[in-house]
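Each of the next two complexes has chain A plus one more chain, namely chain B in the first and chain C in the second.
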Partner chain A sequence: MSEAAGRTAVNPRRADGLIGRIGLALGPILLAFLTTAVLLAILGRDPVAFYRDILLAGVLRPSGLQDSITRMAPVLLVGAGLIVSFRASLWNLGADGQYLLAVAFVAGVGSRVIGDLPPVLGWVVLAVAAMLIAGAWTFVPALLKARYGLNEIVTTLMMSFIGIAIANVLIKGPLKGDEMVPQTFVYPEGTMLWDLPGTTIHVGVVAALVVVVLVHLVLTRTSLGTRLDVLGANPRAAVHMGIDVPRLIVVAFFLSGALIGLAAASDIMGIFGYVRADWDPGYGLKVVPLVFLAGLNVIAFIPIAAFFGVLSIGGDYATRKADLPSDFILVFIGLLFLFMIVTQYVSARRARGEPVLPAWFRRTLPARDATEGDGG
Partner chain B sequence: MVDLLSPTFLTAVLAAGIVAGIPLLFASLGETLAEQAGVLNVGLEGMMISGAFVAFVTALAVGDYWIGLLAGGIAGAVVSLVMVVFCIRLGLDQIVVGIALVLTAEGATSVLHDIWYSRSYPRLPNVEPFRIPLLSEIPVLGGSLFSQPLVVYVALAGVAFAAWAIRRTRWGLELRAAGERPDSLDAAGVSVVRTRTVAELMCGFLAGVGGGYLALVGAGTFVPFVTHGAGFIAIVIAMLARGRPWWCVLGGLLFGISLSITTALQVAGIAIPVDFVEMLPFISVLVVLVLFVRESRLPSALGLPYLRGSR
Partner chain C sequence: MTGSNDRIGSSTVGVSTPAVELSGITKAFPGVIANDRISLRALRGEVLCLLGENGAGKSTLMSILSGLYQPDAGSIRIDGREVRIGSPRDGRELGIGMVYQHLSLIPTLTVLENLMLGSNPGIVLDEVRARARLGDLAARLGVHVDADVRVGALSLGQQQHVEIIKALWKDSTVLILDEPTSMLTPQGIEELQKVLLGLKASGLAIIFITHKLHEAIAIGDRVVALRQGRVVGELGPEVLRTGTPHEIQGRIVEVMFGEDPTRGPQIAELREDLAAERSDARTRLEGSPEILRLDGVAAPGARGQHGIEGATFVVREGEVLGVAGVDGNGQRALAEAIAGQRRSSVGTIHLGGEEVTNLSVGARQRLGLRYVTDDRLHEGVVGRYAVGLNFVLKRIGDEPFWRKGTIDRKAIETTARSLITEFDVRTPSPATPIGKLSGGNIQKALLARELSFDPRVVVFHKPTHGLDVKTIAAVRDRIRALAARGVGVIVISTDLDELIDLSDRVAVLFAGRIVGVVENGPQAATRIGELLVGGEAAA
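Up next, the complex of A and B:
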C-alpha cells in the first residue's frame, strides 16, 4: 500500500502574517455561524436567542465561564495529541478509544488506590499510567503503518471502536463500584485535583496549558519536531535524510496517544471523579477540524480550544433550551470544517495569483467583455 | 441450553449474518468502485447514515421498501456530490472532506430524528423473505441463504455485474486507469474527472442503499448513529478486496456472521457482554487485515487529486 493517505491535509502554513492567519480562522467560523443560523431558522428556532444562550451560558455567567475554561483542558490535550501525529501526516483518528481506556483506568483503578497514595504523587502516578495506556493503544496501528505502510486511518478507527467496547466491559465488570448502576467507584473526598483558589477550575487546566506549551517547544525547537515535519512533508525525503521512519512513526503515535491519555486523567481527577459505562464525549473527530483551523500550531490552538469550550458548554444549554439534541453541535463543526477547507483553498489560489474560481466553474459563467480592465 | 450445532441454530446464525452483512456488501462494493478510480471515501459512513435516514423516512411515508432503498441511494449520491465538487473537481484533500461529511451527516440525521421521531419512535413492518423454490428446502442453507428479502439477490447480481464490468469492459479499464495512472488516461483522451465523478456517484448511491438496507431490513427503524462504524469497516473490506467485488461478499459475510454468532450465543443462554458483541466485527476485520496485510494493495493514485498539468 502506498502512502496515498499521507500528505498534509490542507497546507496550514501558507497564509501570510498574523492577520491573514486570523482571517483564515475567523472566516470559516463566521460562515459556519451564519449557515447554522439559517438551519436554526428552518427548524423554527430563533437563531439570535440560540447564540445569545451560548454566550450567556458559556461566557457571561461566572459558573459557565469557569466550566468553559475547565472544558479547555481535555480539548487542549487531545488537540495537542492530534497535532503531533497530523504534523507527521499520520492520521490518528482513534482518539476516542485511547481516551476512554485511560478514563476507565483512572476512574476504575484510580478511585480505589488514590487514598493509599501520597498526595500529589498519586495524581502523577495515575496520569503517567493513563498516558502509557492510551499511548500503548496506538501500537497496533503504528506498527502496521511502520512495518507494512498499512493505512492508519482505518486501523486507528477500528482500534478506537474496540477500545471503547473494552472500556465499557471493564467499567461494567472488573472496575465496577458497588452501586447498582454500571459505574466505577467515586474518588474519595479530598483526593481530586485542587481547584484554583476561589474558582471551580482545577489545576489540571493549568497543567494542560503548561504541557501544551512544552509540546509546542518540542515541535518547533527540537530535532524531533523537525523530523516529524519532514516525515509529514515527504516520507521519501525523510528516508533520504537518514531518519529511522518506522521508529519515528511509532514514537509519533505513542506521543499522540499519551497526550490524549493525559486529557483523560485530567478529566477524571479534575472534574468527574468516576465514570459511568457508555459515557463518551467523542472528542476524537470533533477536535480534528479545530486543529486544522489552528494550522496545526499548538499555540494558535489555545484560543480555538477556548472557543470550543464556550461552544460546548454554552451549546449544551442552548440546544436543551431550543429542544434540540446536543448532536446539533456536530452539524456546526462539520460545516465549520467544510468552510475551512474552502477558505484555505481560496486563499491559496489568491496567494498564487490565480483566479479564485476554478476554470471549469468560470466557463459556466457568462463570458465577460474582452475589453474589460482596459481602463478606457 | 440450545444445541449449538443444530440446524435451526446454524440457520439462524447464517440468516442473521447475511442480514447484517448486506449493508457492508453494498458499501464496500461502492467503495471498491471509488477506490479503483482513485478516490478514498473516508466519508462512506456519512453516506451510509444519510441513506439510512432518508430510506427510513421515505419507506415510512410511502410504505414500500424498494422506494425507500432507492431514496436512500439517491441521498447517498447527493452526499457524495460534496466529494465530487470538493475533491474530484477542486482537488481538495479527500480525508479532510471525508471526516467533515461524517460529522455533518451524523449530526444532521441525529437532529432530524430527534425533531421528527423522538416522541413516537415509529417502526417499519418486517420485510417478507423471498423463498427461492426448491433451494429454500435445503437444510441450513435453505432457511438462510435462499430465504432472504429479494434485494439480497439483486445485490449478488450487482456484484456479478460489477466484477464483470471492472475486468472486462472499456469502462472498467478506464476506471482502473483513473486510479493507477490518471495521466495516461488523460493522454488517451478520456476525462479523469468525469470517470472519477461517475465512480464516486455510484459509490454514494451504493453506500446509501446499504445504509437504507441497514435501517429498513436490518433494524426496522432508524436510530442516531445506527451505522456504528460500518462505513469504516466497509473501507477495510474494499481495501482487502483489491477491486474484486466477490471479495466484498466474503468480507460482508465475515462481518455479518461475527456479529450474528455472538447474538445467537446470547440467545442460546451464554452470557456475552453486549459490548463484546459490538467489538467482535472490528476485531475480526482487524485480524483479517493483519493476516492479509501483504495482500492489501491500493491503486497508486488513490487519494491524490488529479490536476491536469501539475507534474
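Up next, the complex of A and C:
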C-alpha cells in the first residue's frame, strides 16, 4: 500500500524532472530574451530586428555559423578549466591573467619560432608550453590555499591583474614585433592551424571538443574526478577519507590553468596569429555564469558554449547594426545569470513542496486559501 | 493567525490548573500516525517525563506544542484556556520555551548576540537590557554564563544552559527539553538535573523528553510512556518516589512493553550478563600482543577545543580501551592524531610495532587503522553521494573499485549490496544519497565502511550519540564482536554507561591530558567519576 503510494509519487516527479530540467535551462534564456526586448524597445530599437540580426549573423549565414563554431573553442576550454576547479569548490577567478600570459607567449615567442619547427610538432610544442605557463600561474594561489588556507578568490584575482600587466609589458617590450604599434610579430603565412576542408573552422576547435570530452571522462570516471568532487562537497570529509588535500588543490588549480592556457594557444594559432597590447577578451568572468548554467557538467556546457558563440558573433553584428555598443550583449548575459538563479530557487522550493510566493503575497490572494484556512 | 496571544497572569490561575493540557492530539504523516489521540497534562512545579523509543511520537507531540506542526485533531489548553498555536512564534508568546535536541545556537556569535537574535524588539539592539536579562536567568538556573564569549568556545553543557536561557527569555511558563542529555557528559547531566530542580521550584512546568529509563526515574515527577504514537501508561509521583530504582524500572518496562516481555532486555541498560562477559574478556586479553602504542603524543586543539599533551597508552589486540572525559577536553585531537588527520608535533605512534607518526591518513588506513568519526554527516560521509560510493570513499583509486584509475560502478554496487545486508543498513537502494538515510542508518553505513577490509585498530568517537535504542544495541554488539576478533578498539565517549558497558579499561581525559586509567570492574564508574572531578578540581 505504502509502496504503491511511493511509486506513484516518484513517477510524475521523474517526468517532471525531465521537463523541469529543460525548463531550468531554457526558462532563464527566454526570460532574458523577453527582458532584453523590452530594454531594446525602450532604447528605440526594434527587438525583432535585433534578434533576427543575431540569428542571421550567428547561425544562418554560413560564414557566421562557422565563426560562431570557431568562437566556441576558447569558451569550451576556459569553461572546462573553470569546471575542473569549481567542482572541487576551488574558485579560480584568475582565468584572464592565465589566458593572457599564455597568449603573450604563443603570439610573441610562437610567431618567431613556428617557422623553424615542423608544422604539427610546432603547434603541439607551443600548446603544451601555453598550458604549462597558464598552469604555473596558478601555483602561487594554489600553494597559499593548500598550505595556509588563504582564500583563493582574492589571490587568483590579484594574480590575474599581475598576469595581465606582465603580459602587456612583454608585448610592449621583449615580445614586440618590429613595427611601431605595440604588438607581436604575426605568424608567417601557412603556419597557422589548418582549417577543416572547405570551412574557416580551424582544427583547434576539433581538438577543443575532444579535450573537453576527455575532461568530462576524467571528472566522471576516474579516481581524480571522485577526489575533486569529495573535496568540493566537503573539505573535512576529504581529509577524513585520506585524500592528500594540499596536493589535490595544486593539481586541480594546475589543470584548470592548463586548460585555460590551451584556449589561448587555440585562439592565437587558430584565429589571430598575433596579439596587440591591452587586448583582453575577458573570458574569465563571462564564462563563470555559463559553467554554473551547465551545473558544472562539461557535456552540458557544450550547447551553452555554442549558444554563447552564436550570441557573441551574432551580437557583434546586431549591436553594430542597431548602433549600440558591443557590450550591450553583456546586458543579456547578465540578465540570463540573474534569471537562472531565480529559476533554480523557484524549482528548488517546488521540489521541496514549499510555496513559491512569499506569505504576504499569498495572503493578499482572495478566495480559496482563505476558505481553506477557516475550514481547518 | 487568529491564535490568542493574551497571557494570563499565573496569580489568577488555581494551583490545580495544569500549565499545559493536551487532549486527543492526533497527527498523521503520510504512512504513519505519529500521534494517536494523545492526552496529557503538565503541572507547574513538576517535571513530566515523556518516555519512549525513537519513533514513538515524542518529538512530534512537542513540535505540535511548540507550534512547529498543527495537529489534525485535538485541543491544547494553556493555563486552562484553549489556544491555537499557529507558529513557533505564537508558542513563544504563549510562554512555551523549547530546547531542541540539536543545538540551535550560532557558534560564531557571542552568547549575548545569540540571545538577542530574534528576541530583540525594534531595530536597535538593546544590549543593556539583554545583559540584565541574561544575568537574571543565569541566576535562576544557578549557573554562570559569560555573555561575551563566543558560543563555539563553550562546552556542550554550557551551550545547553544558553539554550535553556534562550527558551526562558520570554517569561516561559512551560519548558520543553527534547532529549537534552543525549549529548551531555555525566557531570553535565548532573548539573542539568540541578538546574531543573531549581526551575521546578520557581513554578515552571517542565516537559522532559528522553528514551533513557534511569533519567526518567531520576528526573521525572511523573512519567508518561509513549509507544507507536499512543500513551501506553502513566506513573505518578506516588510510584516514582517509592521503591528502589530497580523496582521502578521494572514498573516502567512493564508499562512500556507490557504484553511483549521479549522487548525489554533489548535495552542495553537492562542487560545483566555484562559482568560475566567482562571476566571472559580479561582472560582473553592476557598475553595479547599490543597493537597500538602512543608515546607522549601532543597535538594542537582546534575550534576552541583542547589539544592533547603527553598522551601515552597501549591498546592490545582484542582490547577495548574506553576514553572518558567531558566534551571538548581533547577527544577530537586525540582521535584525529591517531587517525593522522591532525599531525602530532611531539611523540610517536606505533601501529603493530611499526611507527606511523609521520604517515598520512591514507597510509594509516592501508595499514588497518580506522576512525569512525563522531561527525557523521559532515566528515564521515558525503551526503549527496550514493550509499555505495560512500562505502569506498576511503579507497578512491584502489582495486577493484577503480581499475587503472577508472571507476568500476558494478564492483562498487556488488560490494555495497553485500555490506548493506551484512550491516543491516536500511536504504531503498545502494544508489540512494546517503544523506537521506536516518542517523542510525548512516552510522551503520559508516561501520560497514570502517569495519570491512580487515581493520586492526578502530577508533570510535561517540559511536552511539544521537541514535535510537535498537541501533545503539546493534552498534555496541558490533564493537564487542570486533574486539572478540582480536581487533584493538578505542571508544571515545561522553556516555559513562557506554564506556562501562564496553571497555576493558577506561582512560580519563581532562584538559588534554590522560589523568588516569581505570580497570573496568565493580567500582569503575565511581573511580572514573572521581578522576573526572579530581581533574576538574586540579584545574
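One rule holds for everything that comes next: the second predicted complex is superposed on the first by the 339 of 376 C-alpha atoms of A that agree within 3 Å, B and C clash if a C-alpha of one lies under 4 Å from a C-alpha of the other, contacts with A are read in each partner's own complex, and residues count from 1 in each chain.
FYI, a residue touches a chain if its C-beta (ideal position, glycine included) is under 8 Å from a C-beta of that chain, and two chains touch if they have at least 3 such contacts.
Given the structure is predicted, the values throughout are model-derived calculations rather than measurements.
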Clash or fit (per the criteria above) of chain B with chain C on chain A: clash
Partner contacting more residues of chain A (chain B vs chain C): B
Partner chain in contact with A:A237 - chain B first, chain C second, else both or neither: second
Chain B versus chain C as contact partner of A:R221, first or second or both or neither: second
First (chain B), second (chain C), both or neither touched by A:F161: first
Chain B versus chain C as contact partner of A:L150, first or second or both or neither: first
Of the stretches 5-13, 23-31, 131-139 or 185-193 belonging to chain B, the one that collides with chain C: 185-193
Shared contact residues on chain A - chain B and chain C: 2, 5
Parts of chain A lying in touch with chain B, wherever the complex brings them together: 1-2, 4-5, 7, 9-10, 43, 91, 93, 140, 144, 148, 150-151, 153-155, 157-159, 161-162, 165-166, 168-169, 172-173, 285-286, 288-289, 292, 324-325, 327-335, 337-338, 341-342, 345, 358, 360
Of chain A, residues touching chain C in the complex: 2, 5, 221-227, 229-230, 233-234, 236-237, 239-244, 376
Residues of chain C defined as touching chain A within the complex: 30-31, 70, 339-341, 360-365, 371, 373, 375, 378-385, 389, 393-394, 396-397, 402, 405-407
Complex interface listing, chain B residues touching chain A: 40, 42, 82, 86, 89-90, 92-93, 95-97, 99-108, 110-111, 114-115, 118, 193, 224, 228-229, 232-233, 235-236, 239, 273, 275-276, 278-279, 282-283, 285-286, 289-290, 293-294, 296-304
